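These notes are about the structure you will find just below.
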Amino acid sequence: MKPKEKICVFPGSFDPITSGHVDVVKRSLPLFDRVVVAIGINSQKKYLFSLEQRLNWLEEVFKDEPKVEIGRFEGLTVKYCKEIGARYLLRGLRNASDFDYEKTISQLNQIIGEDLETIFLISRPEFSHISSTIVREIMKAKGDATPFLPDQIRIN
Amino acid sequence: MKPKEKICVFPGSFDPITSGHVDVVKRSLPLFDRVVVAIGINSQKKYLFSLEQRLNWLEEVFKDEPKVEIGRFEGLTVKYCKEIGARYLLRGLRNASDFDYEKTISQLNQIIGEDLETIFLISRPEFSHISSTIVREIMKAKGDATPFLPDQIRIN
Amino acid sequence: MKPKEKICVFPGSFDPITSGHVDVVKRSLPLFDRVVVAIGINSQKKYLFSLEQRLNWLEEVFKDEPKVEIGRFEGLTVKYCKEIGARYLLRGLRNASDFDYEKTISQLNQIIGEDLETIFLISRPEFSHISSTIVREIMKAKGDATPFLPDQIRIN
Amino acid sequence: MKPKEKICVFPGSFDPITSGHVDVVKRSLPLFDRVVVAIGINSQKKYLFSLEQRLNWLEEVFKDEPKVEIGRFEGLTVKYCKEIGARYLLRGLRNASDFDYEKTISQLNQIIGEDLETIFLISRPEFSHISSTIVREIMKAKGDATPFLPDQIRIN
Amino acid sequence: MKPKEKICVFPGSFDPITSGHVDVVKRSLPLFDRVVVAIGINSQKKYLFSLEQRLNWLEEVFKDEPKVEIGRFEGLTVKYCKEIGARYLLRGLRNASDFDYEKTISQLNQIIGEDLETIFLISRPEFSHISSTIVREIMKAKGDATPFLPDQIRIN
Amino acid sequence: MKPKEKICVFPGSFDPITSGHVDVVKRSLPLFDRVVVAIGINSQKKYLFSLEQRLNWLEEVFKDEPKVEIGRFEGLTVKYCKEIGARYLLRGLRNASDFDYEKTISQLNQIIGEDLETIFLISRPEFSHISSTIVREIMKAKGDATPFLPDQIRIN
């Protein structure tokens, strides 16, 4: 790892990854040398899809992007960033309701993460109504969520 | 059912129905031929009042409104609307915090519901601080929630 | 005018009318018997386009919609609605910043307009970033605003 | 208790108390004769720290403030206020997301609390990103939360 | 002036004073020894009513409230507060749109005003849609604004 | 200009530049090869300080930052970016009120600017209450704005 390499972490549960996530990662690629899409594991949280399934989808979705790596971590995001030498976090903002939450988290990460910097991209209009929560609701109700998922994810 | 009949669904948990819900339904009546006040049943959610109790209250509250029908459904709201031929959803907006959530849901329903249209009314000032959540909190704490409930609901 | 005719006013400056306005009007048409797209004239406000130009564009844009009429008024919107027998106002909501303003206006119109009811539709994702203000900014800076305008408007 | 004594309740879970809470209480002291920092006990909620631990911390943090008392209550906050003769509630506002929730609660307390008045202070910039929720997250992940806690709280 | 006297300033343009302003002032009276309702004069701003008219209305509206005084000032609010020995500012919050603006101002006043403290009350539901701006709009359009004005203001 | 050089524009009026602006620019520097702090000139807008004064201050403030250049432009920001080969815009977000406006602008710039990407940083807590507007208000009222200005700006 070169000292000046620009590494960015895009953390999430990705339960499942959506087209909105993919768009944010792809738009960020020209800015960084490496973008690590990393699943944060919280043992007290229930997920709809297994960790293995979610990691497989991430590998599949980004297999043609040489700058993207897939990762996983437990505990604080800032610790993981330090371990892998990442100085940047990447987050997508969809609406004003997201904002105050993300502001709080980014200010904390700056304090406890020794100036870990969070870079925000605003979702494109066609993705601003998509979230993993909504995709799960559609799936639980036996609806068709494929319009909100990357092509590589096939759920039947 | 005539082809041009304007049917609207007002979905919710109604745990319990509040004066705010009743006001939104009554204001919407001139716009539609039928308004179906429908309880969405989610088997993973806990309710304070039984489905029977909630349905009874709805029947009681709207018994003098010939345009109102009471319904129930499981699964996606958009499927229920299609089954009963409803092209409209009705929602009340109380404050800006409601907005981003409702925007996301309405845009999704338009996509997965084949142009199901959501009509919004803004709560009147005297009802904008009323929600089922707050009514349940008052009840759990043995407070008097009758100022926030329709006259037909008597809880002691 | 039949007593039960459902007349709705969609008021604005339309300086100029955008694709977002057109979408809201078209989505509202099944609900009403007549929708009056009406320019509110405020003698103390500066407009980029003349009243005649703006009225011509409205006529052109909606010439194939039999339910749409074009109007104009000075003074309070509620007075105009009363004069033409409209019991409904139509408004599009784009984002949470719009909300508190529209809430205030709609609650006032209910009080001073004798229960004039405001019906809200939320902008579709592809139109939620379009406003007349932004279109004017693009035009003033000699940019190309045609992606945000109805096909009938040609400005060079 | 003199009839005109100005008593204020600052209610919360204080799981744990943060530097932000302490700042709001201290800023409010010149306004009141007594400020009761009171833990609301909800038997259905899980806490990270025991009631005894949280009460001890409160006693410790405010032991040099003669106007501050520590309290506890079950049920509605308005009932507790009435019992101890408090006519005021104190709340801190950190961001716009807090606002609509607090507005609803304060309007309800005015109705069911016979004009119990809620006084709001806006958090200072250096405390606006601190909440008990965030402190608990840092602790669960074995991070160092001391920058967000009063000096009297030592957790190892 | 006794050293401990609690003096509060309620600043504004009051162009004109509304029922909402009056309600906030009256609710604040038990907290303070004196509340100074003060017109801030900005020579670059246009007002609908003259300074004399606005001051007369304030005198009239509060003539039976011994704790209320009427004032006027030019320049920064914090300077005026210092001159008259006021340690508190009073502000009403109507909605989330008000919040971020008021937060900014109150944090600045704390810095440049040597800990001048701003006390916020949230508007009651029946007043949260009232503002001087809206009253002026109604008046300019020859509408009837009396429902939003204190009884002492008669405009014809 | 090398084809892969990462050039970013930070546009504004800078009337005057504040400590908040400086912080956002400095935090962005590791991400880019060049950051152009550029004054957008709008002939219809009144400024408190002359263009020369504002440019001088920018030169002074960033004279020790080799990656920073000072620029100026008229017309659309996207045109200026294209002319100088910048693929990125930089914006600071202070609060949720900023968000919806910035979202609209960034989505437009993506459309009319051929994928010009806007990068957002959230203001640090100590700068989130600072804006040029507020600084101007303090100056007009003869208050001391130096706590909100970079050291290089001396106004008496």
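Chains: A, B, C, D, E and F, in written order; residue numbering restarts at 1 for each.
As a working rule, contacts are C-beta pairs under 8 Å (C-beta built on N, C-alpha and C of every residue); 3 or more make two chains touch, one makes a residue touch a chain.
All values derive from a computational prediction rather than experimental measurement.
K.L.:
Among the remaining chains, which ones contact both subunit A and subunit B?
P.N.:
A chain counts here if it touches both subunit A and subunit B, which gives C, D.
K.L.:
Would you mind checking which chain's C-alpha centre is most distant from the centre of subunit A?
P.N.:
Between subunit A and every other chain, the largest centroid distance is to E.
K.L.:
Of the other chains, whose C-alpha centre is the longest way from the centre of subunit C?
P.N.:
Chain centre farthest from subunit C's centre: D.
K.L.:
Same residues or different residues: which describes how subunit D and subunit F meet, taking over half shared numbers as same?
P.N.:
same
K.L.:
Would you mind pulling out the distance in Å between where the CA atoms of subunit B average out and where those of subunit D do?
P.N.:
The answer is 35 Å.
K.L.:
Between subunit A and subunit F, what's the gap in Å when you average each chain's C-alpha atoms?
P.N.:
29
K.L.:
Need the CA-centroid distance for the pair subunit C / subunit D, whole Å please.
P.N.:
The answer is 47 Å.
K.L.:
By residue number and range, which residues of subunit E touch two or more other chains?
P.N.:
95-97, 100, 103, 107, 125, 129
K.L.:
Identify every two-chain combination in which the chains touch.
P.N.:
Here the touching pairs of chains are A-B, A-C, A-D, A-F, B-C, B-D, B-E, C-E, C-F, D-E, D-F, E-F.
K.L.:
What residues on subunit E touch subunit F, complex-wise?
P.N.:
Per the touch definition, subunit E meets subunit F at residues 75-76, 78-79, 96-97, 100-101, 103-105, 107-108, 111-112.
K.L.:
Over in the complex, which subunit E residues touch subunit C? Could you list them?
P.N.:
For this pair, the touching residues of subunit E are 95-97, 129, 131, 134, 138, 141-144, 147.
K.L.:
Using the touch definition from the top, list the residues of subunit F that touch subunit A in their complex.
P.N.:
Going through subunit F, the ones touching subunit A are 6, 27, 30-31, 87-88, 93, 95-96, 99-100, 102-103, 106-107, 110, 117-122, 124-125.
K.L.:
Would you mind writing out the residues of subunit F in touch with subunit D in their complex?
P.N.:
Interface residues on subunit F, with respect to subunit D: 95-97, 125-126, 128-129.
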